Amino acid sequence: MQASPNPELSVKVNAPAGAATTRENAASIPMRMRISKLNFYYGTKQILFDISMGIADKRVTALIGPSGCGKSTLLRILNRMHETVSTSRLEGEVLLDQQNILAQDVTALRRRVGMVFQRPNPFPKSIFENIAYGPRINGFKGPIADVVEKSLRNAALWDEVKDHLHKSAYELSGGQQQRLCIARALAVEPEVLLLDEPCSALDPISTAKIEELLVELKNLTTLAIVTHNMQQAARVSDFTAFVLTGQVIEFNPTPQLFTTPTDPRTEAYITGRFG
Amino acid sequence: MGSRSFLSKLREGDEIARLITFLFAASVVLITVLLVYELWINSVLPRHKFGLHFFVTQVWDPVVDQYGALPFVYGTLVTSAIALLLAVPLGIGASIFLAELAPPRISDTLQFFIDLLAAVPSVIYGVLGVFIVVPLMRTVIYPALNKPFGYLPIFKGPSYGVGFLTAGIVLAIMVIPYIISVSREVLLSVPRDQREAALALGSTRWESTWKVVVPFARTGIMGSIFLALARALGETMAVTMVIGNTPQIKASLFAAGDSIASVIASQFTEATGDLYLQALIELGLVLFLLTFILNGLARLLIVVTTQKGSGKGNQ
Amino acid sequence: MSARLRWRKFVSNFMLTMTGVCAVVSVAILFLILGYLVVNGGKSINWAFFTQLPKPVGEVGGGMANAIVGSAKLLLVASLIGVPVGFLGGVYLAEFSGAKVASVVRYAADLLNGVPSIVIGIFAYSMAVLPFKQFSTLAGSFALGLMMIPITLRSTEEFLGAVPRMLREGAMALGASKWKTISTVIVPAAYRGILTAILLALARVAGETAPLLFTALGNRYWSPGWGQPTASLPVMIYNYALSPYEDWHRQAWAAGLVLLGLILIINILARTILSRGIAVPRG
């Protein structure tokens, strides 16, 4: 099958290194979270239209699409952060392990579905205290220092900070702060980790480090990432959803979406014709 | 030729305007310097006679021309401490509600009323103190505290309605608006994603507020407390009307006392003799220095926090 | 839900409710104050209050006409002192001065603003009473005027500074000199904010008692001219409230209601003017 009738592809997309998903084994991967017929409103304005897709277990799912078309909104629904806005309204179902997240206690849910934000936002505490915060409020009784070390190792930050654990988190560089935020989120052992454009405020080197990290993290947890950088999605993810004006236009294994997109709008986006 | 003189006339007009406005601006600096100078010069007699002993002498006896500041410093500190003890929890609690919980319109409306509370003059608080708090103290508060806890030094002895506790209560009411306004603003300047990060880790709303947002703003909140303290120290009328005007140091909160500001207010016009008057002026100088330091610290703390809120997270 | 989570949620709801209680209590205090004043003061306000002089000590009746007029006179001259200094000083800071001078002036103004009013009274005493060996309306006005300066100055500077560049540049491009630009374009654009500041400064000093205690002193009769001690509302309230006479207590409540009413009205007026927006076109 041809990638595109147009020989002047402006984006050269290689088969992603970390993702081993092919169309054949995609069907056998279970979905950790499932979204069905989701409609979302801010007051009377509808933002998301009839969304149905899944978040694959122990894989990276990327949400791509032009700015302002609902990718972040969709992501934030997965840990019910949309509820911080009082006018938000939701119809449809979002399941985590076959249970509707909207019917559960939100505080318990958010421990299971963690989030890393666009700009690094460490607390005004030491590195140690930042990571210890999550376990502590959830009543963790064991040796907290072990949890902190494990999380920092998982976030590939341990070697850089192990001798400075009690320094303020603000003394770290931007890239380090973001990895700290990842470690902080990992400390409560979430089943799903949501990342909302985690590299958009970082330099290329930090970005590369985090992309490597994300592929590693698949062993620990399920990941969903919003990114406006298509190449990043192609490099890092196993599944990709293309979101345009509040709808999921296409949701497929990443290699397939990028080489043989089923929808012409997807193709137009990934070849750079808009967005 | 004509254009040059036109231009120079123009410039002259500007120069005059610059000069005139400069003079007025400079006069502000001049006034402030003059104020400190006058306080200093007009307290020379007691400073020479008593030196630093002024601050540790308990005796204040105009009859024998003996003046010591200790009872007034004590009274000022005790009433201010009581005021803060009562006002800080209430004020910070209210500011948390206004900044974190209340929808913006309600928050703004309530803040509007709080600002009006700050506009009520001291003498009116004094009137309320005299006619409402004093009887309340005699009939309700004193029995409630003295009967069960009268063995404690702070609750011992009789009460005539006026005294340290009464003044402290009135002061607390007066400084609450300052704590609320400043703390609310400081809390509102904490970046949204701090709270969201806490919530995303599975915190309850209270946990995210108390363990993340408030600590982020703690320097500014400290600043609001310093501001409230500075206000409490300088408060004159309301305190004068309910403290009892008795220069004495007593452990009991129900005892009558005096504060720096209130002794100046009540004795200034009756001061006979230069030493007496200047001793009061020296007290004024002390008060000036105390509020000067506190206000300076407060400003520093508040500025640091609001800058932190807008600047951080950009690394 | 685990027991621990249930407890955490309970604590959360409880504490957040408590903060609401704190807010309600704080605001309720305002209404309590107003309530007491209206109830106790309302029944004592009558025509006599506004038109009659105080009766001799111990006699029932009379009013506070001299205090009302006295306060008005004090505020008038205080404005004549405080407003020009504050306003023109603010113009200098916003339009002419360099950064260093500006920060010195601002610092002095903030310092002055933080001085306890009783200390301002001492200063005014040494500057305006001692040299003339006379308590007077002018001395009282001097004290109050000083207190008006910092608010007026800082606000003038702030509101003038908020006027957008394009307005200034438009005027200057037409050949207007600097001071003409200021007086015909910039000040009118900022007038709302400046007016508000003046009103708020006025409201603040209208209720001040301490600085008047040893400058304007007090007077049971009319105060002719500006060089005599004068009665004022706040001082009268102070004296009457502390007296042993029931009738004077009654009058103190009434005066308190009048004073607070005036101050609150000025405050609300000022804030409404400000919230209507500053008269500047959007780019």
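Order of writing sets the labels: A, B and C. Residues in every chain begin at 1.
Assume a residue touches a chain if its C-beta (ideal position, glycine included) is under 8 Å from a C-beta of that chain, and two chains touch if they have at least 3 such contacts.
These numbers were taken from a predicted model, which means no experiment stands behind them.
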| item | value |
| --- | --- |
| Between B-C and A-C, the pair with more C-beta contacts | B-C |
| Chain occupying the most central position, where position means C-alpha average | B |
| Inter-chain centre distance, subunit A versus subunit B - centres from mean C-alpha coordinates, in Å | 50 |
| Mean-CA-position distance for subunit C and subunit A (Å) | 55 |
| Separation of subunit B from subunit C, taking each centre as the mean of its C-alpha atoms, in whole Å | 17 |
| Shared interface positions of subunit A, touching two or more other chains | 107-108, 137 |
| Multi-chain contact sites of subunit B, meaning residues that touch two or more partners | 204, 207 |
| Numbers and ranges of subunit C residues touching at least 2 other chains | 8-9 |
| Residues of subunit A touching subunit B in the complex | 79, 81, 84, 86, 107-112, 114-115, 117, 119-121, 123-125, 133-134, 137-138, 170, 172-174, 177, 181, 184-185, 188 |
| Complex contact set, residues of subunit B against subunit A | 103, 191, 193-204, 207, 211-212, 215-216, 308, 312-315 |
| Complex interface listing, subunit C residues touching subunit A | 1, 4-5, 8-9 |
| Subunit C residues touching subunit B - in the complex, by the definition given at the top | 8-9, 11-13, 15-16, 18-23, 25-27, 29-30, 33, 36-37, 40, 84-85, 88-89, 91-93, 95-97, 101, 104-105, 108-112, 114-123, 125-127, 146, 149-150, 153, 177-180, 182, 203-204, 206-210, 213-214, 217, 234, 237-238, 241-242, 249, 252-253, 256, 259-260, 263-264, 267-268, 271 |
| Subunit B residues within the subunit C interface of the complex | 10-11, 13-14, 16-18, 20-22, 24-29, 31-35, 38-39, 42, 89-94, 96-98, 100-102, 110, 112-117, 119-124, 126-128, 130-132, 173, 176-177, 180, 204-207, 209-210, 230, 233-237, 241, 261, 264-265, 268-269, 280-281, 284, 287-288, 291-292, 295, 299 |
